[in-house]
Structures are given as C-alpha cells and as structure tokens.
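Each of the next two complexes has chain A plus one more chain, namely chain B in the first and chain C in the second.
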Partner chain A sequence: MIAQTVLGKRGSIFLALCIAAAILVPVLTLKVAPNSALYMPPYVVALLGKYLCYALLALALDLVWGYCGILSLGHGAFFALGGYAMGMYLMRQIGARGTYANPDLPDFMVFLNWHSLPFTWWGFSSFFYACLMVVLVPGALAALFGWFAFRSRVTGVYLSIITQALTYALLLAFFRNDMGFGGNNGLTDFKDILGFNIQSDATRAALFSTSAIALALGYIVAAAVVTSKFGKVIVAIRDAESRTRFLGYRVEYYKLLVFTLSAAMAGVAGALYVPQVGIINPGEFAPANSIEAVIWVAVGGRGTLVGAALGAILVNFGKTYFTGAFPEYWLFGLGGLFVIVTLFLPKGILGLIDRMTARRKPQPPAEMPIAPEEQIAIPEGGR
Partner chain B sequence: MLMTFFKALATLLFLVAAACAVTSPARADAIDDALGHFAQDKFPETDKGIDSLSGSGAPTAAAVMDALANNRLLFDPGSKQIFYKDASDTLFDAKTGAKAEGVDASTLKKVRLNNAVRSKLQSVGGSMALLAPDPTKRLDAANAVFRSHDANQLAPVETALAKENDAAVKAALLQARAAILATKPDATADQRLDAIQVLKLRGDQDAQGLLTPLATVAPDDASMDKVRTAAKAALSAISMQLAIWQAVQNVWYGVSLGSVLLLAAIGLAITFGVMGIINMAHGEMVMIGAYTTFVVQQVIRTSMPGLFDASLIIAVPLAFLVSGAVGIAIERLVIRHLYGRPLETLLATWGISLILQQAVRTTFGANNKEVGAPSFMSGSFHLGGLEITSGRMWIIAFTICVFVALQLVLRATPFGLRMRAVTQNRRMASAMGISTGRIDALAFGLGSGIAGIAGVALSQIDNVSPNLGQSYIIDSFMVVVFGGVGNLWGTLVAALALGIANKFLEPLAGAVLAKIAVLVFIILFIQKRPRGLFALKGRSVEA
Partner chain C sequence: MTKDALTNSLLYLNDVKVSFDGYKALRGLSLVLAKGEMRAIIGPNGAGKTTMMDCITGKTRPDEGDVYFGGSTDLTKLDEADIAELGIGRKFQKPTVFENHTVEDNILLALKAPRSAFATLFGKAAADQRVRIDAILKTIRLTDHRLRPAADLSHGQKQWLEIGMLLAQDPKLLLVDEPVAGMTDAETATTAELLREIARDHSVVVVEHDMHFVRELGVKVTVLHEGAVLAEGSLDAVSADPRVIEVYLGR
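Let's look at the complex of A and B:
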C-alpha cells in the first residue's frame, strides 16, 4: 500500500520498465545470436546505458527544480565530480599496464614528472572508497555551496547564475594540469572495473543493468522524498517561499537537504556514466551541459520525476539521431526545443498527455502536480 | 690598450673625414682607394676597405656596406672594378652609384666575408649611423650602442655627442656613453659616477643590468667605494621606480580588461539590470555585431578599399541596427510571452542563443573570420615606463563613449524617461499613457544594439567565430550581478574592479587561477550582498 501512495500508477510502470530493461538487455546482447533480429549490439547497450545515466541526472535535477524551485545550472558539475571519482578508481586499476608502465602513478603524472601520488588520489585504489567519494564529494560541495547560498537567501535567477559560475570555475580548474586530474585530456584508457575487463560485452551489459537499477532506486528515493511530509514542505517552498518561512519552517535547511541529496544522485549518475563512455574530461563541466540537462527535465515535464527521466532519454535519443543524420540542424532542433517547450509546453510531454486524457475524461487525475509557474509569476498588471 | 686607443683614434679620424668629405673634392680619390681594397679579395684588405669607405663619405658608402653585409658586393677580377646589387638583383657601379649596363654579372666574384669582417662591419655601420642625417636613424644607432656597450664605440659616441642638436638623440647618446663607461674596465671613478647618475635617470631594467655589477664588485681602491655606494643607491631607486611602473602597467592592463568586460556587460546591464530579463542570448548579440563588422569589411575590401580605415566607424551604427533588430524580434516573438517567469526566460533565450550560433555557423562557416585592424588602431607607444597598445587605448576610449552615450539616453531623452518609468512601476506608467509593450521592445532593442556595438570593438581583440558570445556571457552576468542590478555605475565599477583584480592576481597565481579566484570571490560576495555592490533600494528590486 505504501508503494501505491509513493509511486502512483505512472511510477509503478516506470519502475517495471527499469527492471525489465535491467533483465532484458543483458539477455538480448549476451544470449541472443548476433544474426538474430532481436540481437542488441554492444554499442547500443553502451548508448542506452548512457541515456539511463542522463535520466538519473535529470531525475536529480527535477528533484531540486521541479519540486523545490531551485533552478541549478550547475548540476553538470556534480555529475562530473562523481564521474571523476569513478574515473580515478578506474585509473588506479590500470596499474602498471599504462604506457609508462609505472605501477604507482597514472600515465599523465609520470608525464608531468611527478614522483608521488597527490593526496587527492589516496585511497582510490579501493572501490569502496571511490564509491563513497562518488556520493560524498558532490554532496559536500553542494552542502557547502548551498549552506552559503540558501542561508543568505540567494534565490531565483541569481542562484542559477552563481551555480553556472560554480561549474564554470570548476571547468577552468580541471583544465589545469597542476590540479592533478589529467588536465585537458581528463582520465581515459581504462582497463578494468572490479577485475572485469571494461571493454567486454558482459561488463557492458552489467553496467547497463546497474544503471537501470540505479535509476529505479533513484526514482524510489526521489518519489519517497516528494510524497513525504518533507516533500510537501519543499513544494510549499517552491510555490511561496516567504510564506513557508513565516509559517515557521527553516526554509534554508529544507533546501540544503534536497539540494545535497540531488547532488549526490547526480554524482552517482556521473560515476555510472564514466565506465560506459570510457572517458571523463573537463568538458563535462561546461555550463552548456548543465543547461542541456535542464531542458531534458523541461521537455519531459518538470515536477513529475518520471517525465524528467523520460525527457532525458527522448532528447538524447534525438541528439544521437540528429547529430548522425543532420549534424547541421541539431543545434537548431535543440534551441527550438528550448523555446517551444518554455512557450507552449510549460508542463512538458507528460503535461500534454495529461491534458489530452483530461479532455477525454472530465476529471483530471488527482495527483497532478501543481503548475509552478502560476505561483512564481508576480502580479504585473495585464501580463 | 694602446691598440684600442689607436683604433679609436683611427675611427675618429675617419669619422671626422666623413663629416668633412661631403664637400671635399678629394672624395673620388677616397672612394677609389677604399674600393681598391675590396678588389684584393683578402680579409685584411676588406677590413681596411671598410675603414676607408666609412671615412670616405661617399654617397654610395652606405649602399656598399649594406651590399657587403648581405653578400651582394661583387668585383671584376680583371678590371678590379667594384659593383653591388640591391635587394632586387639590379647591378650598380659602386663608385658612381649608377646602374651598371652591359656588365656580365656571371664574370663577377663575390667579396667574401668572415666573422671578423662581419663584426667590423657592424661596429663601423653603427658609428656611421651615429652621424646619419636622419635623426631616427641616429636614435636607433645610439640605442644599439647602449645595448652593446662596446668600448670601441666610445670615441664615435663622443664625436656624435659633440655634434648632436636633437635633444632626444642627445639623451640617448649620453646614455650610450654611460653604458660604455659603466662597463669599461678602465673607466675612472668619476666617469663611473657620472655614468651611474645617467643610468639612474634612465631607470629601466637595462640600466639595472648595467649597474648591478658595479654595486657588487668590490675593488680595493677607496675611490671605487664611492662608486659602489652610488650604484647601490641608484639600483634601489630604479627598482622602486620599476615596481611603481609595473603597478601602473598592471592597472592599465586591468583597465583594459575592465573596459572589455564593461563593453560586453553594459548591454546586459540594460536588459538584465534595468528590465530584469535574463537574456542568455546576449553573447550572441555581441557575436552578431562582430560578424556585422566582418561583413562591412568584406564589402569595403571588395568594392572600395580606400575606406578600410573607416570600416569600424561604418560598422558601429550598422552593428547597432542589426543586433538591435534581432533583439526586438526576440523580444516580440518570445520574451514578451514570458515576462514574470525569469527561469523560463533564461531557458528560452538559451535556446535562441543556440539557434543564432548555428545560424551563423551555417551561413559563415565554423572557422574564425579575420577582421582587420584599421591603421590607427595598430602599433603601440611608450608613456614613461608604460607600454600602451593603440588598439586597447581606442577600445577604452570607445567604451567610455558608449557608457556616456547610454547614460545620456537613459537620463536625458523622453525614451529614457519612459523606460525608467516602466521598469519602476509598470502599471502606473501604463496608466500615464506610456505604451509599455513598445517601450519593452525598444529597451530590449537598445540593450541588444549596444551588445552589437561591443561586438565591433571585441572583433579587434578576439576571434570572430560562432562561439564568440559564449565566452563573454558568464563574465557579463558576473559583472552585472557584482555591480548591482539596475545600476549602470555599479556595472562600471564592477567591470573595472574585476578587470584590475584579475590582472593583479595573474602574476601571483597565473591567468586561470586568477580567473577562478575572481569567480569564487563573486560567488561568495553574492552570498554576502545578494543585490550586488550598489543595490537599488525599494520595491523595484523585489521581483
């Protein structure tokens, strides 16, 4: 019964799909003969796995933007930090198999004439420690940043702009060789993860299933948060922050908690992304990436969780298709998507579906989220 | 020692002869004698030839020396006649300077060079140039002597000094003499003290380099003690002076960077600061302005090349109109529907920026376009110890003009009045009969147009590519937010402060770290003062 209230009909379908994918895809790629029509080539598995990581990032973003009204233009930074943490573990696993065959240092450090491992890399030989860092580093950064920002009541576009500045600053920092994270080239040439060859089909299938399960778990956590009492408060903050504060809630702590949780989720998404694409470099910190993630959420429908994940998968599928078929027009398409969604589809695709079903059935579904923009809008006569 | 003296004496005599020889009837003999040496094709003879040629004062002397240095001096082994070729391979008679007709160049032999002859040529060329009729040549020669501080040049410098009337050249000669005396091992204490005074006045790194050995070497002679203390005093004065100039130079670089930031941000100060619209496509307006400049220059290059120097002046109003028109179109088509929903505006304008970038990429290609600098914007000059590039100086001047013009538009025109009225209280303004929608469109057009003008200036210092705008958008927002929304003066102060801070941090931490430090500073600053340096008080900022 708890599952019913937390997940709803849509969420249950979503979860079922995630689990089905986690089981079905490995079967299709490993057990089906390559000449069969049902066979799934490994590159498709990696691609789908990438989409799932993006979906998890979108889910994290929807949690803060859709439910708490914090438009973060820096979630790509948390994603990339998680990715770097995993990348560092994978680098340490290369061991002496690098070009310089140095058992203690990654290739780029040998190249830079470093003689010992910087303290930032200590412990990354352990998978457990790396996993901890995947969650802790983005979480800690978000907590620190949020502690400053929310306490001094930086809201709205100001917050968006400084989150953008945050990821931009990190972009610049990670480009530096002196930072000790591979500089421009980032971390790549991974060999294996937990002893399994990272290139093998079986590992790829396993990574895909892990991503699907992580997405499902992420969804359950997010859904549990937003349907709880805590979730009601953050929706109240989104819709009328001052009023919530006057009612006695410590708005900044609610925001801080949800922001940190969301950053940790983004970190997990990044950590799953890196072994599947095989590289992490400072380009992931680019502000454009973070804004792109926002549009996934907007396309799917913000404040719906399922919609965010759906939007991420759809937009990225479109991106893969268009950049292959009409590379000239992809940016027109993406740009147009931003404009059209904000102008005509404020609730995204799920909102559109709801509207269409509502037209057929007179009663709208009860759990439909409140349209946030009506509350955010300030009265400005005639507009 | 004696050799040096005689060498110097000889050079001196030749130089005196050169000075007198202009009117001397013995000129023909002198040059015949000199050229005779070259025809011998032996290094010592060539050496003598150089000496006598420099003393001959012959009109072809400079050309012959130049040809010799560049392996273009030829002689006829039979008739012992000397010829030289100029850079375009035309043959001339070395004696008369007339074109040599009917001489078979293939029978001629080159006058050969070795390193001794080359260095001889160089020093003699230097002392000849010290007496050249053209003051700029004399100045260059004097500076060359200063750099080489070759003791052999002392005598020519003294001679030139006695004759010199031009104040600038005279000062350079004095410094050259000081440089020689400061390094000459056998200079007297008095000579050195004089030299130290002159070098102290020069006060740059070269002078520092010359003085350092004087201050450190410890000869046991008591009179040299005075030299040492004087050199030490001069050195500390110079390093003080240099530090001040370095700071001034940093301020200048900072102002220069600040002016670029201000140019990029000032349009945003209107659209974001005054109107409250988050226009992420602002950078693309800058880019459109830069591309307008490119198109204007292309048209001028192909149809009226004479106007090239005026291309930027023509481009400014055009860039304003093009970017302004694009801005008005964006406002009417998209932003108008999103007033009061800042986050949606942010996303929609980001989408527009992607579309504009791709449109430019499709039309003009993804490569950088070359935008030329008009002649008055190239080059640089020195102001004391300050190096100023003309391009940067013009950009600063231009920025000031744009800022003043914008202030005038906002403060002294009916449009500015209406615009301020609408932003302060939209409903009241509407009730007073102001067409708020029209004002919104025009104000957005104004902000975009100014971004376009910024693009004209930025095309001079940045790559004109579809990504031009992207690199400015974050900086622009930082400047506006730091300065305080809705306040042009705040934007000015913020741009200058950030520019100067950046340039002072750069030598300490490197360019990238300096930039990161500034970004982190702004992030922290916004926490402390969420409304910027100069926050507007009152209800207008409550949205």
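Let's look at the complex of A and C:
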C-alpha cells in the first residue's frame, strides 16, 4: 500500500495527529464552554498554530539538509518572503479602513507621500494571486540562487555562508522604506482574510486547522520525494557527491529541484504564520532565525522528517516557556541544547527513541543499526 | 600513432600531459585499447595511474594531448556526467559505495536508466529492473546481503559491490582502480575470476599493484613510470624487461 511504503508507521501516526489536531482544536476553542477545563483560549490556538508553521519550515529544511546535505542557513528568507506575500494581500484587504482612509494605498505609502501603488503590489488584492506569489517568489529566488551556487559547485561551509548572506541582504533591503514593503515597521494592522475578521475566534481556529492540514500535506509531499528514486539519489549526493556524478547523475539539477521545492514549502509556512501572528517585518529575515530553524531540525533528528517537525514544536514550546519564566536565559538554553544534541544525540530525539526501542526489542537480524557517527539516511519506511 | 589506430580503438590516449602546480603527473602518456580488450596497468606509486583515469573520466582536464573514446568522441570536451552517459564506468581506488543505502539500492542507483531529476521523481521503475539487480547480485556474490546497508559490508564486499555498480551501468568500458588492495588471498582470487567473467563482454582497464593478481588475469600489461609508458606486452615479457626490473627493484 502507498501509505505503508511512503509514510511508514511513524509517518502515519504523524498524519493522524495532524488531522486530529485540525478537527479537535476548533472544537475545544469554539464549542467548549470557557469555564470548562477542556476549553482552549484563542491565544493558545494562535500559539499552537504558529508552532505548526515552524514545523512546516523545519520539514522543508530537513528535506534539503537532512536528505541532500545542503545546510541552508537562509531558509528564514523563504519563510519571510511567503509571509510578505500573504501580508501584502492582507494589507490590500484593509482598503479604506486605514488611518488615512485611502482606498488605494496602504497607510505607510500615504505616509511616504506616494501617489500610486508600485508594480510589486499589483494583483495582491486577489487572494489567488497572493497564494501564487507565496510559492512562486521564494521558489524563483531559490531557483536563481541555486542555479548559480550549485552549477559552480559551491558546497559545504561556503554554501552555508552564502545562504546566510542572502537572508542578511534581504534583511537590509526590506528595512529600506523605498523598497515599498513598509520599512522597519513591516506590514501589520490586518483586518480580515477572505472577508472574515482576522481576530475572531472562528478565524483563528480555521487558520490553525489550515496550518495543521498544510503540515500534513507538506509531510506527504516530502515523504513521497524522499521515498522515490529521486530521494535515493539525493541521499547519495549527500553521502558521496562525486560518486553520484560519476554514475551519470546531474547533481546540480537534483539540488536545484529539491532546494526550490523546499523554498516553496517554507514560503507556504510563512504565509500561514503571518495572519496568525498579525505582523510581518524585516526582523523575520534575521540570520538568527534561520539558524534557529537548523537547531530545531538537529534537535528533532536530521533526515527523519517527522523528527524535524517534532523538534520545531518542542523547541518553540520550550522557548515560549523559557522566555516567559527566565527571559534572559533563553539564548543560553538554546545554545546549550544545540551543544548537547550535537555531542550526545547526533540523530536527535527520534534517534534516541529508536535506540531505546531497539534495546527493548530482541536484536533485529540482517538489518543492522547504523553506527552512531553516521547520519540517518534511510527514509522513513524506505524498506 | 596512426590515424588507423585511432579509428579502430575503443580508448585512445596520445601524448597526454598533466601537471599539478608544476609537478608533472603525466608526461606524454600514450595508450590504445582495442574494443573488447582487457588491459592490466601496473606501475609504482605515483606513476600516474589514477591520474590517467581522472583524465579519461573528466575529473581532470589534460594540459595537452588527446583522449578519444570509440575512435571519435573527444573526452577532454566533456564532463563527468556526460562521460558516464557515454558508457565509461569507473571504480575508484578507495571503495566508495553509498554507505547508508542498502546493497540493492546501490545497484539500483547505478542501473542503466534515465538519470534526469524528473525521471527519478515521477518515473516508474522498468519491469526488468528486479531481474537485472538479481543477476548482478549473483555475479558479485552479494545476494544474501541485499538488504543490508552497504556500510556493514566487509572491505572486500564493498569492492565487489562497486564492481557490481559498474556492471549495472552496463558500460562499454570499465576502469577499475586497484580492486584487490586490502583483500585476503581468497577474495583476490574471487575478484580475478569476477573480472574475467566481466571481460567476456566488456572492455576493461584494471590498475593493480598485486603481481599475483595480474598474473591470474592473464592479459596484456602496460607498465607506467613517471607519467609515461615504460613497457608493454605479456606479463612475462615486461617482467623480463631490465628497465621494468630497475623501476621495481629501485624502490
């Protein structure tokens, strides 16, 4: 069956959880009485929705890093671009309800004394067009970037550094007022999405469910990719790039395709994130954001998909707790976590779970566990 | 060498020169391999044997000289993937298999099939693939290990797996760099048998130090020394050549 070969047992559980969350959370927040112990306040819904967007970003990153060995330290840029595309749609929905009551221009443009909408904003009053841009803009940027980087065979640390430079350059560009994306304030004060009030409990619940479903779909796509022959080739590239080349595979096109797909997924994550947090500003391009995403994947388990999503949710849960309880220690905590994971849990939390379950079961026969120094390679349910 | 030698050859190297930062690794190497031939190449460390393979497979571009395949294709103009596509397969000196993939997936990846990213993402596996994988696993004596990660194989088994990957590419020419380095005597004998089996319907170039192994192959031998051909002929003939003796004993 497809479900067995592509998803595996772990993936099926993950999907079931996503779908259960998509159904249960709206019930808990909309149908349960506020004084009940089961009631879920809207701010929790928004918070969980945000975690799911991060999980989708982590999934996208795991696809390129965990499976193809491309350590992108700039995936936050694709996430932010998707977020901006959605933010631009939301800005256009405000219409004449802004402070300056200008029906054609967002407030910040009126403030800058602009008289007409720049071409970059054309079409964004259409939801469909915005959705298209959510995947096209990050995808096109990734394709362009990858075309130059992969064809000139930039790999390893050098590639990581230029991805970091990419997001930093965008950070600086988006800070500029004359770029026309709201400068350092970014885009905010959204009113509604598809005609629904963006602040209402029902809209929040719907956004949460959409995120859960997007995560599930993202997982299915990623799992299908890594279990296909294409997936085997990218793992081969990760482990022995030049060997793969001598077998006749055009390594640069493989990298380009997986990098572009991953960027588009990150864009979708950003687009779902923005309506739930209510703002997008250049801070989302900060290099530190992209590095944090790498930590989520490392913590959950690189090259496992499910682990990456899990890592994103757990680390962000920890972040919410820590920044509330001891705000000044969060960065130390995060750094410490990364050190611990790299030193003691090379395969992340999922690797730890695997090791514990393997110990309880009798030794499996022919299928030997991989030596600890080696990275996980076998796609979920790959055999 | 004549024009005739070029047209009748499978592989034709003429006066190939390569230098690395001034160090001349190949100084005018010429070699002709006929279609269907198996050739053993010997020579002391640093003689340029691996560099020669690098030139044939597009990893290193010669500074001077010609490298032709099949009498007409200029290999110096092509890159690794193009050359692999043409039908030249290579086994590296250091065995490099895909450690995290199973033995059978290693063969699958090497199997002659469309190589484009779209083909592997959306394409259906050809029906005869299983049969071909089974046959190759049998040839390389790894049928019982098909589901193990390649990382778990012994050194010798990895070498065989790599030879199997070469076979899977169904190349016209196989370049095999030191296949028996680090093997036990029994494994070496099996490898010689394996290569003779393969040479029945492929052209093969084998680089090896192990004289015993070369003797078992029983083919024409080319001796390289300091980036050029020193002697060529049967193993008995070249080992009687005083210049060859000096190179080997002089070490």
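Throughout what follows, the second predicted complex is superposed on the first by the 361 of 383 C-alpha atoms of A that agree within 3 Å, B and C clash if a C-alpha of one lies under 4 Å from a C-alpha of the other, contacts with A are read in each partner's own complex, and residues count from 1 in each chain.
One rule holds for everything that comes next: a contact is a pair of C-beta atoms (placed from the backbone, for glycine too) under 8 Å apart; a residue touches a chain by one contact, two chains touch by 3 or more.
Quick caveat: nothing in here was measured; it's all calculated off a predicted structure.
Touching A:Leu337, do we find chain B (first), chain C (second), both, or neither?
first
Tell me the contact category for A:Ile291 with respect to chain B and chain C: first, second, both or neither.
first
Quick check on the superposed pair: does A:Phe127 touch chain B, chain C, both, or neither? Answer first, second, both or neither.
After superposition on chain A, A:Phe127 lies in contact with neither partner.
Examine A:Tyr39 and indicate which partner it touches, taking first as chain B and second as chain C; both and neither are also allowed.
neither
Any idea whether chain B or chain C touches more of chain A?
B
After lining up the shared chain so the two structures overlap, which partner does A:Pro346 touch, if you call chain B first and chain C second: first, second, both or neither?
A:Pro346 sits against chain B, while chain C stays out of touch.
Using the superposition described at the top, list the residues of chain A that contact chain B and also contact chain C.
After superposing on chain A, chain A residues 376-378, 383 contact both chain B and chain C.
Of all residues in chain A, which touch chain C in the complex?
Of all residues in chain A, those touching chain C are 225, 228-230, 232-233, 235-236, 239-240, 242-251, 253-254, 256-257, 366-368, 370-371, 374-378, 383.
Which chain C residues qualify as touching chain A in the complex?
57, 59, 80-81, 84-85, 89-90, 92, 96-102, 105, 108-110, 115-117, 120-123, 125, 145, 147-149, 151-152, 165, 169
Mind pulling up the chain A residues that touch chain B in the complex?
71, 145, 148-149, 151-154, 156-158, 160-162, 164-166, 168-169, 172-173, 175-176, 287-288, 291, 294-295, 298, 328-329, 331-332, 334-339, 341-343, 346, 373, 376-378, 380-383
Of all residues in chain B, which touch chain A in the complex?
Touching chain A from chain B are residues 278, 280, 334, 337-348, 350-359, 361-362, 426-427, 430, 470, 474, 477-478, 481, 512-513, 515-516, 519-520, 522-524, 526-528, 530, 543.
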